[in-house]
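Each chain gets a letter, A, B and C, in the order it is written, and its residues are counted from 1.
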Amino acid sequence: MGTASEIARRIEAKDIRDRWLLSAPALIIIALCAIGPLTIVFVYSFLTPGDYGDVVWKFSPDAWISVLFQRDIFDGTWSFADAHLSIFWRSVWLSLMTTLLTLVLGFPTAYFIATRPERTREIWLFLITIPFWTNLLIRTFAIQEVIRNEGIVNALLTGTGITDRPIQMLYTDFAILLGLAYVYFPLMVLPLYASMEKIDFRLVEAGYDLYANRWKVLRRIIIPLAKPGIVAGSILVFIPSLGAYVTPRVLGGGVKLMLGNFIELQFGQGRNWPLGASLSMTLLAIVLAALFMYIHFTARRGGNTHG
Amino acid sequence: MARSRHAFDVRHQSGFPTIALTCFFLLYLPIATLVVYAFNSGTSIATWEGLSLRWFQAAWNNDKVIDASLRSIQIATCAAVIATAVATMAAIATTRTRPYRGLNAKYAFINMPLMVPEIVVAVALLIFFSRIKVATGYSGLGYLIAAHTAFCIPFAYLPIRARLETMDLSLETAAADLYASPWQAFRRVTLPLLWPGILAGLMLAFVISLDDVVITEFVKSGGQDTLPTYMLGQLRRVVTPEMNAISTVFLLLSIAIVTIFFFVSRKRS
Amino acid sequence: MPERPEKSTIEIRHVSKVFGSGENAVIALDDVSLDIRENEFFTLLGPSGCGKTTLLRLIAGFSYPTEGEIKLYGQDIAPLPPYKRPVNTVFQSYALFPHMSVGENIAFGLEMLGRPKSAIRTRVEEMLALVRMEHLRDRKTAQISGGQQQRVALARALAPQPKVLLLDEPLSALDYKLRKDMQIELKRLQHETGITFIFVTHDQEEALTMSDRLAVMSSGRILQIGNPRQIYDRPAERFVADFIGETNFLTAEVTGLANGKAEVALPGGAKIHALLTEDRELNGAVSVVVRPEHAEIVSNANGADLKGRLANIVYFGTDTLYHVVLETGETFIVRRQNSRKSVDEFSEGTAVGIILADGSAQILRD
């Protein structure tokens, strides 16, 4: 009697075993070369820095404490680490502003693409995608060229007599903001477009039919329907902005640091690997928190789509 | 009544087309400037002095540039091929099945490199690989290839998985019904139909590997510059249009790959 | 069960299939036993979710039974994977390989069996001729019509000369006219190839017109097996009677039993003879079914088996339906074929009588 069910069970067990075997190479590579080493970083964050970089295998919570506080060299008291806090603040502030700027500009852009006729829509979409797949460093370099003192923006400003001297834009927070917004703009537009493309414009017609004007239709119908795209785009821009390294390095010129550059500093000139490790873990924690919030949001929406 | 000649367009929002077209313009302006100055005959990247190919020639004769470019291509090729191979297997293992224990964990794990900030992974690999370098004495390109493979896997995985999920499951069932063993069914039916997805995955992985700066910068040993890390180093100095020339060639390569990918995927669907 | 003289192609013994486990377990097949004879056109008929496709997939080997055995010519095929079973399937979606031509699709099974190239070529030509598709051999499957795809799917499944051909609702994607043509085509193919066909459908008309025998399924169980006439005229259960054709149900009182027939008193008092599907003790209230075309409507209610008021007349072209509200409040439908002579002798609202033809009433197994 049991033979039939035994066969069924054996076949299912074999299927699952095969699936584990098939996915093993990918999982092992990711474990060894991406996720696994994070545990080492975690361990390092509790060790004592060595004199010439690396660590001494001795437990110390100092690295974690100095994420936010600093010890006075003379009397040994702890106070808020203003330098660290300002870098944290700059990272979060610039990431938020980048998100906002790309959202404000990306929303009309995505809407524009979504309302093009079917044939030309793909071309517009392609034009947005191209910069996304071209090298981030090159795009940052391109921005650098445009805003440098001898760049075309300043040439235009002085040439037309708006200013008599070039405005120093490079190596400022503004430069970093501009660069981040420039390089991550496609990441905002693409999810926005994805949600707008699905909008049923008969709903918009219904809105006009019920005496809404253009602004009210936008605010009460289009924006709420595009909300999943707004959230996804914001997350997609905020997360890489927060961990940005190349853009602030090139456009901030080593003067204006963001978290990514500050972490690098600890492994370079700073020679404080444990602090670099604890800062990395902090960055990771913030990013994961943002992701979980996003997943929570989408899961709730998914459970009650028409709510 | 003459005023109502234009039909009311429900899709129109005033100002939106202007903003959108401005954004498109601003998106391409810096890239266009960069490309234009690559052809400048002077040594400045700001003042135009006439048309010339001298900077392309300079880049071509610069051993460091050629060396870094070849290394970039070598790493990207190895990483993309390995990543696509393992991602294909992983995609087959994680699609078209009833949920089983660990399936969601697998998804999360494979996509993890997309979520963890690059700088954090870079730091982690720096620590990890420096230990291994000391322990084994090996300091070749293997580390870079392994690191690139890891973050290329999710990019290769996504299009392959998407392709598998839209594939008609009954085709393989039909093959099995027509006496094809599992391997024959895979080779004769699954693989030919999966091919566009695999190709897309390969191209994405290649481009992603080619573009990487951060992880390479942290993992590379001395004398292992790739083109992006070489450029990053050069940006600290006085920049000549040689950088523009290198960038232009690089851009063209990326755009070519993406364009092929775009048209291949459009034709198939 | 009586001894069958014919050879069984497929024997299904106490097969159950459960999906999932614990609280989420779904019983797709519940102790199904069935014999399918050589060269017959056998249909599994039932609404969606009744288990008919699950049963087909068990025979094909795409899924394995939780309990029971499946034998093909006496050999237990349960442990065999689908590619080792001499059984082929025509899929509901056709499942034609989109990257192969029509000819390559038909050749696929033969190639997998390792037949010599020349034999494959000949066989493909034969099959193309059989389904009248010779001119489309080199076309890609996306470039031919739905009806043509259907024929290719048939040719592909028949090419390896399977012992049994399984057809999973193969006609459901076709429009009405094409479906009618394909029904005839399928009968012809079955006749010419002499292969046992197992056909799955939810369309009762299709099942009645095409099958040698059919099994009516519901909720994972087989309710009745028989030829189309037996199933239609003598439904054993309420579900069968209701699912196939239009039916009137009446509650009646058993008053006597004699050689396979029962005497029952209808609502209103008239006594008629009703047929039984099996010999068993009966008493008290039973359900009786009468097909609308087995009843006759008369204007004189005296002496009629049922009395009522004509509520509605629905004209259908070939025939007319009369909806009669009985004294009990139930509605009874009478179907009458229209002829050139028939006139509208009845009008809505008038009192009418209904006479049941002899042997038209059937007692249900409740």
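General remarks:
The rule we apply is simple: a residue touches a chain if its C-beta (ideal position, glycine included) is under 8 Å from a C-beta of that chain, and two chains touch if they have at least 3 such contacts.
This structure is a prediction, so every number in the text was calculated from the model and none was measured.
Of all chain pairs in this entry, the one linked by the most C-beta contacts is A-B.
Each chain gets a centre from the mean of its Cα atoms; the one farthest from the centre of subunit A is C. Among the chains in view, B has its Cα centre nearest the centre of the complete protein Cα set. Each chain gets a centre from the mean of its Cα atoms; for subunit B and subunit C, those two points are 56 Å apart. Between subunit A and subunit C the centroid-to-centroid distance comes to 60 Å (mean Cα coordinates, whole Å). Subunit A and subunit B, compared by their mean Cα positions, are separated by 17 Å.
For subunit A, the set of residues touching two or more other chains is empty.
Within subunit C, no positions touching two or more other chains are listed. Within the complex, the subunit C residues that touch subunit A are 15, 64-69, 78-79. Put simply, subunit A touches subunit B in their complex at residues 15-16, 18-23, 25-27, 29-38, 40-41, 44, 54, 105-106, 108-109, 111-113, 115, 122, 124, 126-131, 133-139, 141-146, 148, 150-152, 155, 182, 185, 201, 204-205, 208, 214, 218, 222, 239-240, 242-243, 245-246, 249-250, 259-260, 263-264, 267, 273, 276-277, 280-281, 283-284, 287-288, 291. Within the complex formed with subunit A, the residues of subunit B that make contact are 8, 10-17, 19-21, 23-24, 26-31, 33-34, 37, 44-47, 82-83, 85-87, 89-90, 92-94, 97, 100-102, 106, 109-110, 112-113, 115-128, 130, 146-147, 149-151, 153, 157, 207, 210-211, 213-214, 218, 228, 231-232, 235, 243-244, 247, 250-251, 254-255, 257-258, 262, 266. Interface residues of subunit C facing subunit B in the complex, by the touch rule stated above, are 60-62, 81-84, 87-89, 91, 93, 95-99, 108-109, 112-113, 156-157, 160. Interface of subunit B with subunit C (complex): residues 168, 170-171, 173-181, 184-185, 188-189, 192-193.
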